[in-house]
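A short write-up of the structure that comes next.
The chains carry the letters A, B, C and D, assigned in the order they are written, with residues numbered from 1 in each.
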Amino acid sequence: MSKVVSMREAIAELVHDGDSVCLDGFTHLICFAAGHELIRQKKRRLTAIRLTPDLVFDQLIAAGCVERLVFSWGGNPGVGSLHAFRRAVERDRSLTLEEYSHFGLLARFLAGSSGLPFWPLKNFGGTSLPEVNPALRSVVCPYTGEALATVPAINPDVAIVHCQRADEEGNAQAWGLYGAQKEVAFASKRVVVVTEELVSTDVIRADPNRTLVPGFIVSRVVHEPWGCHPSYVQGHYDRDNDFYVAWEDVSRDEARLARWLDEWVYGVPDRAGYLQKLGAARQAQLTAKPRRSAGVDYGF
Amino acid sequence: MSKVVSMREAIAELVHDGDSVCLDGFTHLICFAAGHELIRQKKRRLTAIRLTPDLVFDQLIAAGCVERLVFSWGGNPGVGSLHAFRRAVERDRSLTLEEYSHFGLLARFLAGSSGLPFWPLKNFGGTSLPEVNPALRSVVCPYTGEALATVPAINPDVAIVHCQRADEEGNAQAWGLYGAQKEVAFASKRVVVVTEELVSTDVIRADPNRTLVPGFIVSRVVHEPWGCHPSYVQGHYDRDNDFYVAWEDVSRDEARLARWLDEWVYGVPDRAGYLQKLGAARQAQLTAKPRRSAGVDYGF
Amino acid sequence: MVYRAARELRDGDVVFVGIGLPNLACNLARATHAPSLCLIYESGAVGAVPQRLPVSIGDPALVTDSLAVVSQADIFQCYLQRGLIGVGFLGGAQVDRFGNLNTTVVGDWAAPKIRLPGSGGACEIAVHAQRLLLIMRMSKRAFVETCDFVTSPGHRAANGKTRRELGLPGGGPTRLITDLGVFDFDATGEAVLTELAQGVTVEQVQAACGWTVRCAAQLEPMPTVDEAVAARLRALDPQRLYL
Amino acid sequence: MVYRAARELRDGDVVFVGIGLPNLACNLARATHAPSLCLIYESGAVGAVPQRLPVSIGDPALVTDSLAVVSQADIFQCYLQRGLIGVGFLGGAQVDRFGNLNTTVVGDWAAPKIRLPGSGGACEIAVHAQRLLLIMRMSKRAFVETCDFVTSPGHRAANGKTRRELGLPGGGPTRLITDLGVFDFDATGEAVLTELAQGVTVEQVQAACGWTVRCAAQLEPMPTVDEAVAARLRALDPQRLYL
C-alpha cells in the first residue's frame, strides 16, 4: 500500500498548529523543503526540535511558526549567527527556549526511541545548564553509588526524516552522516520520510543493512529530489556553502529576510518551483561527482 | 602499523588464565577458530561470556577451560541441549552460572560500551531471574517515579570479534546479522578482530558506513578464512546445520565428545589443519552462492 | 496447533518470531491469509522473507532480501521495548494457569534436575509484546500448578501481583494454544478453555493439566486443517524439522 | 596560535575536532608531524581525511574516504563517554582562570545581552576528553573573572568543587593557547602563564586579562611559525576561512 503523497499533503495532514515537530539531519539531510512547506501553510505555535536549529529554523522563527525551541546549538555553522533566532531571544523575547548540549538532547531521543522514560549520561557537572533547564536531573547508580545526569524521553508529534532512498511503504535507507535520524524516527508519533529517490522495495531488500527506518513506523512518504538544498545529500549534491555565508547578511536585516521569504518560500508553490528559481546552473555546480562504493555479498 | 598475527599468537598474548572472555556473534560470525585455540592452549578458569553459549562454549566447557559462564540462552538452536554444559550444571556442579535474558546481557554490553556504570531497561517484572541473579537491581525514574530494572556494565578482559573484512590496523566491517559485536568490542579491554578477508585500508574507506569497529580500539588482527565453521559468514559460507544436528549425539556421550576434541581440536595444529580435515567437498557444499548488492554513492 | 496459531495472525501484524512451531505458523500465515505479515527475529532481521524454513532464528536466509537488518540492541530497545511488536509467540517446558512460563530449569535453579536453555529473548517478549500467543503440547508435567521458575511473566505473579503492578507494558498472554484445545485468559488473568480439538473431551484436557480446568460457557471446536493447508505446511517444512 | 596548538598533537592521538581554528590545527598536524592522527568529528566521521578544509563539522568531505561513519549516539556514548577521546579542542566567548568556558550567553540567560550558539558538543567534550586544549584570542571581555554562564566545565566550579567532586571523568584543560601566550594549569586547577608570544610582555597579557595573571618561574618563548609552516597553512586554507 503506497504511502506516497506530495509534501503539501503530508504537512497538511500530519502537522497541526501546536504540534512538536522534529526535523532532523546534522548538517547533512536537513529537509528545507519540509520547513518551507510549514511556512507556506502558516503552521503556528510549533515546538521546533533540532540539535542545530540551522537556517531552516531561523526561517521558521522569522515566519512566526515557532513558539518553543528545543535545541543544543543555535548558529550558522562556520559563519556566525542565526539572526532571526537572536532577535526573537534578545529583543522580542518571543521564543521559549529549552536548551541542552548535543549529547543531552540526543539522549532524549535515545530514551524516546527506546521506550524508556529517561536516559542516564555522565554530563553537565560544573555547568550552568541545570540551572536554566529543570529537565536535567540525576539518578544514583545502584552499583557504584555515583550520581549520573538524566534527561527525560522526548516523543515528538511529528518527525521529518530525509534520506537518499525509500520505497513506497517508507522503508528508508541513508548513508553518510546519520545525525539522529533513526532515533528521531523511532521516538516520534508520526513519521514523514522524505526521499531523494523513490525506489522499488527490491532495491531496499538488496542491501538490508543500510535500512535506517522500517516502513511500518512511517506515516507518509514524500518524493522530493533536492529537498535539502542548501543542506546536502551525500552522493547527490554538495552543501551550498555560499548560501550559508550569504544568509548572514540576509537574516541580519529583518526586512530583507521578509523579502527573502516572500521570494523563495511564499513566492513558489512547492519545491519544484524553488528549484526552477534556483536554476539549472546552480544545481549543476552542486551536483556530486560520483564516488561509488562496491557492493557486498549477501549470499548463503 | 600492522597488527596482524596468527591466532596462536593472538590467544597466547592476549588471553590469560582467569580472564573474562567474550566471544560474540549471534548464530552468525561465531569464531570457532578462536574457541579451539583457547582449548589447544589449555586456558583455565575463564569467565566465558556470550548471549548464546552455543557449541563453541559446550566445547570449551568440556575441555575444562571455563569456571564461570555469563549467558542468557544455553542450547543447541533448533536441535536440543548442550550436553557438556548440562553435565557441568546438573551432575558436576562445576560451573558457576550468571544468568540473564538476552536483553539483560545485551544491556550490560551497552553500559560497558557507553562508559556508563549501569543500564536501565523495562524487564524482569514477575520473573524469578532477580532471585537467582543479585546483579539485577532497579532505579526509580526521576520523572515518572516508576521503577526500572538495571544491570551493571560489563567490561570483559578480551573480546573476540569475527567480521567479513578488516585491514591490518583492525578497522573492521561486517554485514548480515550484527549480534552485539560493536557493543562487545567497545566494552572490552582488549579486542581481537578475526577476519575472513584481510583488505587494504582503501577498501574500508570506500564504504565507511559499514565499519563496525574502528582500528584504534583493536589490539590484534587475525586473518582466518572459514574461522567460523560450523557457524557461518554471510556472503562467504552457510551454516553447517548438519554439524549442529550431529553435535547432539557427540556431546551427549562424554567419551565421544573427548574423542571429538582429540581429533578436531588437539589433533590439528591450527585452523588450516581443521579445514584440511573438513575437506574440500564439505567446504564446496557450504560455500555461499553469490548475491551481491549494488554499491552506493559517497561523492559530493 | 500450528494452523490454529497461524489463524491468530492478521495481515499487516508485526510479529516477533521465535524458533520452532511459531516460526512455522508465521511462515504459514504469510503464505496464506497474511502476505503483509512483518516478521521480526531477535537476531536482527526485520521483514524477513526466508526462502527456506530457517533452522535457527539466526539463519542466513532471514537476512537475504529482508527489509532491514539491525543490531540486537535496536531490536530489544527500539522495536520491542518501544512497544512496536504486535504479536509475540512463546512456548516452554512449564506453564501455569496465569500464563507464566518456565524455560529455565526443572527443579531448583542452584541444583537443577533438568537444566533448560534459559530465557533468551523470551522474558522481554512476554514483558513487551502487545499480544502474546503461547503454543504448547499438553501434559501434566508441562501444565503445572506452579512453575519451578518463572522465565517469562504471564498475567499474575505467584504473589498475586498483576502486570500493571509489576510494571509490564505488554498485554500479556492472549491465547494458550495446545494440541488438545485452546485457552483464553479472562479478566482476572486466568486460563479458560474455549476450544476443543476434534475428538477431544474436557476430561482428556483435565487429565493432561495440573490445575483444575475452567471452561467457557460454550466450547467451540478447534478449526481443523484441510488438505490444502496440510500440503502447504509440508511444502514449508520439507525436511520435517517441526512437523 | 594554530601552529602552537598543532604542536600539542602527537602522532596517533585520537582527536575530537571542533570547527574553526581547531580544525585547521588538526589538519596542519596531520599534514606535518602527525600523519596518523585520528580525526573524529561529532557529526559521526571517524578517521576523516578531508580533501578540502571543511567549512562545517558536517561537511561531506569528512565522510568520503573516512575510516568509519557512525551515528551521533555512538560518537557521544561509545567514543566520548567511553573515554576513548585523547584530545579535545574548545574555544569560547568567555573563559575564567579555571578554564570554565562560556559559549551560551553574554548577560543573563533569561534576558540575554548577546545570545551565543550554546553548547553543541562542547559541554561533553570538556567533561570527557582526556586532554583538553583551549584556543582563544585574549581580551578583557573574553578572559573574565567569572563567566556569565558555564557551558563547559574547567578545573573548578564557581563553588570551588573540583572535577573529581563534580564527577567529571576527563582530564580537564591542559593548555590555554592564546595569541599573546600560553597558559598551563597548576595542581589547583588555576591558569599559569608559561609562554609568551614574540614581542609580547607580561604587562600586555595582564592588560588583556580580567584576572590577575600568575606567571611560571621561567617564561618560555612561544614557538614561531617558519615560512614552510606558514605556506602549509595557506595551502590548507586557500579560501582564508580561518586565517
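Rule of thumb we're sticking to: contacts are C-beta pairs under 8 Å (C-beta built on N, C-alpha and C of every residue); 3 or more make two chains touch, one makes a residue touch a chain.
No experiment lies behind these values; they were computed from the predicted model shown.
Counting hops only between chains that touch, subunit C reaches subunit D in a minimum of 2. Each chain's centre was taken as the mean of its CA atoms, and the one lying most distant from subunit D is C.
C-beta contact counts were set side by side for A-C and B-C; B-C has more. If each chain is reduced to the centroid of its CA atoms, subunit B and subunit D end up 40 Å from each other. With centres defined as mean CA coordinates, subunit D is found 28 Å away from subunit A.
Contact of a single residue of subunit B with at least two other chains is seen at positions 115-116, 121-122, 146, 148, 175-176, 182, 206, 209, 232, 234, 238-239, 288, 291, 298-300.
Multi-chain contact residues of subunit C (touching two or more other chains) are listed as 45, 60, 63-64, 69-70, 77, 81, 128, 169.
Of all possible chain pairs, those that touch are A-B, A-C, A-D, B-C, B-D. The touching residues of subunit B, when paired with subunit C in their complex, are 26-28, 51-52, 71-75, 77-78, 81, 85-86, 89-90, 93, 99-104, 106-107, 110, 121-129, 131-132, 146-148, 175-180, 182-183, 232, 234, 238-239, 241, 244, 288, 291.
Chain contact summary for the complex, subunit C toward subunit B: residues 19-20, 42-45, 55-60, 62-64, 69-73, 76-77, 80-81, 100, 104, 109-124, 127-128, 149-154, 156-157, 161, 163, 166-169, 241. Interface of subunit A with subunit C (complex): residues 113-116, 171, 182, 186, 201, 204-206, 208-209, 211, 214-217, 298-300. Subunit B makes touch with subunit A in their complex at residues 115-118, 120-122, 137-144, 146, 148, 150, 152-153, 164, 175-176, 203, 206-207, 209-210, 232, 234-236, 238-239, 288-300. For subunit C in complex with subunit A, the touching residues are 14, 38, 45-47, 49, 60-61, 63-70, 74, 77-78, 81-84, 128, 169.
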